[in-house]
Amino acid sequence: MLTAGIDVGSRTTKVVVLDNQKWIGEKIQKTGANSIKRAEEVFDLVLDELDLKKEDINYIIATGYGRVNISFADEKVTEITCHGLGAHKLFPGTKTIIDIGGQDSKVISLDDSGRVDDFIMNDKCAAGTGRFLEVMADNLEVPLENIGELSLKSNEPADISSTCTVFAESEVISLVAEGVKKSKILRGLHKAIVRKMIGMVHRVGLNKEITMTGGVCHNNGVYEILEKELGFKINRPSKPQYVGAYGAANLANIKLKKQN
Amino acid sequence: MYKLFNNKTFIKKALNIGLSYEIAKIIAHWKAEGFMKEAFLFNIEETKKAYNNNKPTVWCSTFVPSELIYSIGGVPFMPEVAAGFVSKIGMAAETLHKAESDWFNNDLCSIHRCGTGLMLEGYMPEPDYIIASSHLCDGAKRYLQHISQEYEVPFYLLETSYYNNEIKYLIKQIKELIDDIGITPNFEKVFKRSNKAYNYHKKVNELRKKDPVVFSGERALNLVTMEFMSFGSKKGIKFYKKLANTLEKRIRNNEGIIDQQRYRLLWLHLKPYYSQEIFTTLREKKAVIAFEEYYQLYWEKLNIDKPYYSLAKKMINHFGWGELKEQKNDILELINNYNIDGVIGFSQWGCRQNNGRMGMLKKELKDENNIPFLNIHGDLVDSRNYQEGQLRTRLQAFVELIDMKKGGK
Amino acid sequence: MSKATLKINCSYIPSEIITAAGYQLNRVWPNNIGSKGRDLLPTNYCPYSRAFLSEIIDEKDKLILANSCDAMRRVYDIKNNISYLLQVPRKINKTNINFYKEKLIEIQNLLLKNKDKQLKNEISQNKLLEKEVMEFNETRELMKKLRDEILINDKASFSILVNVLKNNYYKKDKEKIKKAIKKIKNYSKIKNNDYYPKVIISSSCLLDKSLIKKVEKSGMEVVALDSCLGERTFDFEVDKNYDNIMENLASSYLNKKLCPRMMDLNKRLAEIKDLVFNRNADGLIYFIPKFCDQSSYDFKFIKEWAQKNNFPILKLEGEYNAGQKGQLTTRIEAFKESLKIAVNNEV
């Protein structure tokens, strides 16, 4: 039984294909302006690689911000449910999921059976998302992929008190003018994003195990500071951006089984 | 026609002439039927009375019992209800803008800002006096007091005590208020009407316990003005009677709101007045609002032998007043009686009394009683703050959560 | 035997009743919003209520809260085991004073419930209350003296008043207050030729000293602190006619300088005008704690008067440590500059 999950995010579109429960292929591309077109393209690309046709896929679930437009999907399910299932499949002991994406972030809590119990989303404000870090990396003229490591080079964070990205940016500019080291500023910025996430975690309840998902997982600075602040080890998938699509493909599998 | 409706002077003139209301009534008779027609006619008639000078126009906060106003021969006018109406016809942004330019903080409840904006724009009927109760919130009594200063009319504050055993103070205040106004109240006629409507309302509430849901929370909240203003009026009786009859018929014929209804939800607080996709999103997932806290019959029938006591009791007994643990118990009872699968609490921007209870209610209902609970943030009146995609995701995820919990699909 | 502590949130809870029942009184003034209980109140909510909740959520000491506003009412709902919610009327009239008095008696009875018989005896209770009224009246007089001393001394900051209020007032530590007064008296009085515009700082609940410090640092003189973290807590006297002491307490407390949550608008305006006149103020800085409805409405009301009378008024909004935020600094300095120009033009 072949199933696919398509996660159409505002930044990137991801597809995962499963054969029964085995992960056999995936693809990620920038979503761009035309999410429908991109979804089809990414889907086609991965099918091509696997030497499969669309008709070979028995059930497709679309998730993410752009899910509503994916007409070729059999069903549309929110990214909450899909991330929940994806994280549960990857790390069965997961009770709390911290997802930090390019333009949104969320915390999901799972019950003992791995089902979503509660969730909180931040999709209104750049603070607490990858965008926050992008803006700051730009400001500090440090490549995005290096900010995590650089932040860990400082033990003391600069104090960034603003919760708003725009105002935090002003603070960073002042700090640079004052001659504060980039690593210290970055540490402060990473602490700020972690602080925001922790606020969300507490609203939903912190229970281990904790799994982090989303593109910002790759940032070791956020990951390590988050672990430190929460006081618990955090699971980190090797392909963190695919968790939603993976969850969707798994859900497709479950739906198929029920149908039969 | 559109240009005409956008013309402020035209609207203000139209509101003050009887002909507009007669035309509106004709349209209501023609286009509407059943309980909807009664609701339209009630609102048209009351608005007309508020604008003409035959009876004192009494502005009041939403939870001042309408029976009190009717008993003293007044026409109740609730600016908060006007704000809802204005939002429905898409005019709220202008009035909010007006209030903000007049030093009204943006953090304040948009309903109060809208009411103030309407007043500043000159759309509202002039009050003869203003009565506010201290329940449920600070904002309502403050903005009404502010307005009373603008109009230079008397402002009365009824401080609603928190506990039932303090009722004598509220009774005293009501008596003093009536004395001050100087009119002999006609409680008998008004209470009779209120109690008649009460009987039909009780029937409606009983019918709504059944499956399928034949009267959704969305529709009920559209008509919530009737809850606030119609008790004590003749049309109120007609409305609830027709509503009860219609629901009875629908249940007999198994006319549910949606096919294959799966989940019955409870709604806390009010709902946005402007057009939005909240309820269609839920219906797509086969969930429907089976009941809402604002339709509870939280008071006992009014006793003509103890009129002041009855009115005071109605105020103190309001479901949203008093200690939160009582509210929680009420809500649990509703969940039980209405077979509720999940609760959606709406947090209105700037509504301190409501938003401050959501955290606790969620903890009590979800964590301690295992009842799925979703708190959504939005604005009742300001559609500029409505973000459809984000709300849809939350609502859909919530129903998916209930789905998984019930082991469905 | 050390006394048990009882904590409160509002200046409308009469201190005398609590200390007469044998408690050490403490008004909770958090320094910032802590991490506990954060999920129970929304983030867009009064900072004082959130800070208060996080400070007392695990508190074992007794607590009495006043229903100063909706936010505080919710704090009461959230925290378990609060001994009493004091309903403070918003308008001052006979009916309300009576209601308030009855509530104060309820508090007294509650606090005495488990105390020994001697304390409970009405006559001795009244005697104790009289003593506490006298003690607190004396303490208030000293606080007023301290305020007056700060007013006549250019070098003394109003933040001294805040420190003494927090640390010494509720403990009735008259000696410490006298010491503070003496210290200020000893400040050298070097006359400075620069004119410092005189400003009143008004608020429902000024959260901390940071704004006072900022205003003073920017070159203005604070001449009144119209806040409960400020003069409103002590700038009154409880009537010493002891025929009905509870009646006096009720009446005197309700009639003290009005907090923005009260709704006797004419009295509130008269008090602001008095302050402006008596302290020779050039302007008023109104601080609205973010999401505080009471001060939003109060400000609007005072603003209308100020506009009609060409009296400069500045609105600031903020949370804890507001005085350290850059955005406020700019506004404060701009305000000062406009006042200086105005004063110079008049001179």
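Each chain gets a letter, A, B and C, in the order it is written, and its residues are counted from 1.
Here is the rule we go by: a residue touches a chain if its C-beta (ideal position, glycine included) is under 8 Å from a C-beta of that chain, and two chains touch if they have at least 3 such contacts.
From a predicted model like this one, the values you see are computed outputs, not experimental measurements.
Asker: Taking each chain's centre as the average of its Cα atoms, which chain lies closest to the overall Cα centroid?
Answerer: That would be chain B.
Asker: Need the most distant chain from subunit B, centre defined as the mean of C-alpha atoms.
Answerer: Following the centroid criterion, the farthest chain would be A.
Asker: Pick the pair with more C-beta contacts: A-C or A-B?
Answerer: Higher C-beta contact count between the two pairs: A-B.
Asker: Can you compute the centre-to-centre distance for subunit B and subunit C, using the mean CA position of each chain? Integer Å is fine.
Answerer: Using C-alpha averages as centres, the distance is 37 Å.
Asker: Measuring centre to centre with CA averages, how many angstrom lie between subunit A and subunit C?
Answerer: That gives a centre separation of 47 Å.
Asker: So how far apart, in whole Å, are subunit A and subunit B when each is placed at the average of its C-alpha atoms?
Answerer: So the centroids are 41 Å from each other.
Asker: Mind pulling the subunit C residues that touch 2 or more other chains?
Answerer: In subunit C, residues 39 touch at least two other chains, as defined above.
Asker: Subunit B: which residues touch two or more other chains?
Answerer: none
Asker: Taking each residue of subunit A in turn, which ones touch at least two of the other chains?
Answerer: 205
Asker: Flag every residue of subunit B that touches subunit C in the complex, lowest number first.
Answerer: Subunit B residues touching subunit C: 102-105, 107-108, 134, 137-139, 141-143, 145-146, 149, 157, 159, 161-162, 166, 169, 172-173, 176, 323-325, 347, 349-350, 352-353, 355-360, 363.
Asker: Give every residue of subunit C touching subunit B within the complex, in rising order.
Answerer: These residues of subunit C touch subunit B: 39-42, 44-46, 49, 67, 69-71, 73-74, 77-78, 85, 87, 89-91, 95-96, 98-99, 261, 263, 265, 288, 290-291, 293-294, 296-297, 299-301, 303, 317.
Asker: Which residues, counting only subunit B, touch subunit A once they are in their complex?
Answerer: Residue list for subunit B touching subunit A: 366-367, 387, 389-390, 393-394, 396-397, 400-401, 404-405, 409.
Asker: With touch defined as at the start, can you tell me which subunit C residues reach subunit A in the complex?
Answerer: Residues of subunit C touching subunit A: 35, 38-39, 43, 325-326.
Asker: Quick one: which bits of subunit A touch subunit C in the complex? Just the residue numbers, please.
Answerer: 161, 170, 199, 202-205
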